[in-house]
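Next up, some structures in structure tokens.
In what comes next, subunit A is part of two complexes: it sits with subunit B in the first one and with subunit C in the second one.
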Partner chain A sequence: MTDGTGSAARGRDTARPLSLAVAARGVFDLALQGMVWSRRSLLMAILLGLPAAVSILYRVVPKAWVPSRLGGPDLYALIAVFYYVRNFLPLAALFYATALIADEVEGRTLPYLLTRPIPRSAILLGKFAAYLTTTLTLTLPATVVTFFLLLTARGFAGLGASVPDLFRDMGVMVLALLAYGALFTLLGVLLRRPVIPGLLFLFAWELIANLPGYLPRFTITVWLRSLMTHHPAEEGLAGLFAQTLPAGMCLGVLAALIAGFLGLSLWIFSTREYVLEQ
Partner chain B sequence: MSPSRRVVFISMIVVAVGTAAALGALYLDPARAAVGPLPPEGLALPGDARFVMGMDVRRVTASPLYKRYAKGSPGQAFSRDSAFHAIEEKTGVNPERDVDQLLLVGRGGSGVDAGLALVLGSFDRGKLSRAIETEKKGKVSWKDYQGTTVYLFDEGAKGTGAVAFLDDHSLLVGSQSAVETTVSNRTQGTAGLRQNTALVALLERVRPGSTFWMVGDQSLLANLPRAFPNPAGGPAGSGGSLTLPSLKSLIVTGDLDPVVAVAITGETPDEAAAKSLADMVRGLLGFLALQANQKPELREFAQAISVTTEASRVQVNARFPYALLDALQTKAPATAGPAGPAK
Partner chain C sequence: MSVAPLEFVRASRWYGPVIALNDVTVEIPPGVTGLLGPNGAGKSTFLKLAAGQLSPSQGEVRLLGVPAWGSPAVFHRVGFCPEVDAFWEGLTGLEFLMILLRLTGFDERECRERAEKALQEVALLDAKDRKIGGYSKGMRQRVKLAQSIAHEPELLFLDEPVSGMDPVNRRRVIDLVKRMGREGRTVVVSSHILHEVEAMTRRVLLIHNGRILAEGDVREIRDLMDEHPHTVALRARDPRSLAEAVVRLPHVLSLSFGPEGEWVTVQTAKPDEFYGAVSGAAIEAGVSEMYSPDEDLESVFKYLVAR
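Right, the complex of A and B next:
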């Protein structure tokens, strides 16, 4: 095969595997295609885009019909903290990240991937990047739309002063998807059925964040909550023992968790022998 | 372009447009304050202030709280409406219509010297000046101070009051020394409030868009009482009083619509003091909740307040619906109306 200049294009040396970056890029493209345009993503788009729809209703429905106790900024704070960071982003991470390898195992397509001349770590990295791109694609536009709809409910005065909160919230959402995604990727690599343990982690273990003392530091959510500037009032234990940790410590711990979980996932996936059920 | 890439691309466009709009709002916001919620005019206020309070008067007068409780009740000599009408007739200023923002600054000292008010809004400067000049004949004088006319009340007496227009939209009211200091800061461009680094740091932490706010530093809080009677009695030997940990600073912000929302942030010397203060406040709230047998609204009142700690800071957040405030008010005894015709 020759290119337009006439010089012969060098064929790839098939005896050598592709480089990590090139291989990961190829896996990323393939995985992204299957991930974004799927039923799972349609459901996630509805769930993650729901706050934008609620915001539109909040702006459109006259206050006389449905008196609200929440101002626009307060509603945005509740959505950012409770809806996204504490509930639906971890759920999105669970359903996408656990399926990165589990879907290949269940679909019996893993051997085809593993026999390609690409580093195994490139497969996982490419898929993880596709997961992150997909979830951010669904989350960030909804967050931006929700922000503008709710923060301008009482006019544009003061909007500029709230803009740093938007960027901070988006940053925390990215960290949430990275941290939970890395953890659930590890679960997906380790376990055959990772969803149930993932749900137990989210809805049982993470409740430790509401306890006093040092126990909350063994969860992921307490580090994410501490990074947010919004602290809506809560009832019960969460309101009683809520603590906010220093931002620098939160960033450091989250970075370590992401690197640790992802590193462990890469090592296990690279060295493990996957035996498919007959 | 594949459908998935198209979706990602559209998403990136939405986020990029949103980010650009946000940055534009940040840069172009006409209400963007010089420091925190403080407008540029406020920076000329005296730098020796111990606390600064601000109020968005328009939001306050539009709030349900103002509409419910600020109206004069029947039987008062002057209802609020008639008082404001009288002010407007004399001065051309309708406080509800013409005043946008009110800033109050507290300094050391007592009486007139203790405070200074900066009123921002739209004034009929000529009418207001005439009203001042004619209102208290013989007791008001005026002079030119660095190009600004300063009206003095009881000049020469202790605690001479003063009024001055910084411009067509800013009116200063306070002691002569405070007003002249502010005028001097403004005309000479010297750093007024900005040189008070402690207060400036607190102002920058005020939640944007608050209807009312207050910041105070240690010099204000050192004079506040720290011992309070313990409603629960307290352990033996405590004298039945609670001693609050000392506070280094205090920030209060609030809104009045759709509910009365108040956020108080107190900075204590260390984390242990913060936890101690938070536990104390939680205990008081628990005591309030226990009184619910006598008044059920107290339980809801206590539940509307949450207390959190962040290192050495204690944050108290309260959200009171107006229905709760109405229920908490003691009902006035019913008055017998005029006897109607016998049926």
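Right, the complex of A and C next:
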């Protein structure tokens, strides 16, 4: 602290903010540390790891106790489609992504980040990357364990042919976390209390995916569901009208949604003021 | 023509219908400037505008010649110590500083060197590996200050930096601020306590109800202040021995104990002499916090506004 005013410039280009990549990496490290050891992650680890525990149970309980129509592959399909892609990955996205900036606002730590020579977009991108890393770390290993435990319940025959499905499922899970994460990031930077609108979106609006016609295309779930190879039997409207859209179209729409939601979030966060309560 | 490090040009800022800062035009030169005003006067808004945290509703705020809002590159050269007591509680003091230094563009080795140097400056090096969540209030204040100075900024904005500190560390921070001013940095430090500002600088901006009331030498304010009794609250491990020592000091008008028994509240007619004389007794009695409620300053402002 003794070498005068010029020292701050030593060895750095102080005429420009840090590059987006360097800044986002720094924020990523900070955010990841906060996420890994949070109560939110403990809860999510339990919820997202539950299928692995169920699979172990399925393997250890006597076969007579298990309904005969519920084979290992059927149970895996139910878990992949309904448990993960339809319900708990969107829920994980809701609880993490809406909090990316809200946690800093509520914790009043945002000024530490906003007074660094970094583009504001790097803050959001770094935090989004940390969210994705955390949720994927909690989801993918549990999915792999679940897959192998359930598909080998009655022997290893046909396992090799099913492995590509596992990779496809994991790809859809990544897309689900990206798409819902981007949407809920947008809600998080846009609204003061984004959780209730997010829950309404997930458990009210997304139900229109079960209707006939073009309306389901205004949901996220219809594009994700169409990409999955498993189509477990459904009852009611879903059983009657469930649509399967072309994979190429699904990928294109999901990519556009992710880019659109994230781009809008970045723009809003970069231009918005955050007035923190004293 | 040289550019003022910090410049407000007819800057106003309102939150909905509430005007927090009203048509402020001022240039802050290098050195230490005290921003003095009662709570709610607009000091924090002034500093947030200066630190690019808020955009002016009207007018301009310029840092080193560029708009403070929306110019992230300028933060290579700016340090900001916010008033709020908020941290990522799970980080250690060292991690906290190193992360913020990385985000200021330093490599890993330099981050560590600078972080340790800044922690040394605020006497926290021994506690560098403890989590901030376990720090005392004074330690939290100091680590917050450390993050603002670690990258050796040319401009430094400190919002109530010695609030809640014990007398020894208060002195240390005051000396640090004075030294930074002598080094040619521009330091703006806010406080609602006149003697704190006076200990750091003679140049003050008086702010009240969002307006700059006066700009100039602190001694003029001191003359007004001396007409009012000054209240000081001290939290001590041994309040009785503190009271015994304090009551013998000159110019102490009254003394009372707080409801929880740890606090001693003193009224003095000569704050300067009181602060000078109380240090020894404060250390012996284990004083951990010392502050002055702002009613006294408020009354001076009322007096100034009424003139």
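Going forward, the second predicted complex is superposed on the first by the 258 of 278 C-alpha atoms of A that agree within 3 Å, B and C clash if a C-alpha of one lies under 4 Å from a C-alpha of the other, contacts with A are read in each partner's own complex, and residues count from 1 in each chain.
In the analysis below, a residue touches a chain if its C-beta (ideal position, glycine included) is under 8 Å from a C-beta of that chain, and two chains touch if they have at least 3 such contacts.
As the structure is a prediction and not an experimental result, all values here were calculated from the model.
Visitor: Which partner chains sit in contact with A:Leu113 here, subunit B, subunit C, both or neither? Use first/second/both/neither.
Guide: Only subunit C is touched by A:Leu113; subunit B is not.
Visitor: May I ask you to decide whether A:Thr133 touches subunit B, subunit C, both, or neither, giving the answer as first, second, both or neither?
Guide: A:Thr133 sits against subunit B, while subunit C stays out of touch.
Visitor: When the two structures are overlaid on chain A, which partner does A:Gln33 contact: first (subunit B), second (subunit C), both, or neither?
Guide: both
Visitor: Have a look at where A:Thr244 lands relative to subunit B and subunit C in the superposition and call it first, second, both or neither.
Guide: In the superposition, A:Thr244 contacts subunit B only.
Visitor: Examine A:Val144 and indicate which partner it touches, taking first as subunit B and second as subunit C; both and neither are also allowed.
Guide: first
Visitor: Contacts for A:Val163 in the overlay, against subunit B (first) and subunit C (second): which applies, first, second, both or neither?
Guide: first
Visitor: Could you tell me which stretches of subunit A are touched by subunit B in one complex and by subunit C in the other?
Guide: Touching subunit B in the first complex and subunit C in the second, residues 33-34, 37 of subunit A appear in both lists.
Visitor: Where on subunit B is subunit A touching in the complex?
Guide: So the residues of subunit B in touch with subunit A come to 2-5, 7-8, 11-12, 14-15, 18-19, 21-23, 25-33, 208-209, 255, 257-259, 261, 282, 303-311, 315, 317-319, 321.
Visitor: Once bound in the complex, which stretches of subunit A touch subunit B?
Guide: 32-37, 67-71, 73-74, 133, 136-138, 140-141, 144-145, 147-148, 156-164, 166-167, 226, 231-235, 239-240, 242-244, 246
Visitor: Per the contact definition, I'd like the list of subunit C residues that touch subunit A in the complex.
Guide: Residues in contact with subunit A: 15, 44, 51-55, 72-80, 82-84, 86-88, 90-91, 99-100, 102-106, 110, 117-118, 121, 147, 149, 151-154, 176, 179-180, 183-185.
Visitor: Using the touch definition from the top, list the residues of subunit A that touch subunit C in their complex.
Guide: Per the touch definition, subunit A meets subunit C at residues 1-5, 7-9, 11-18, 22-23, 26-27, 29-30, 33-34, 37, 107-109, 111-120, 273-276, 278.
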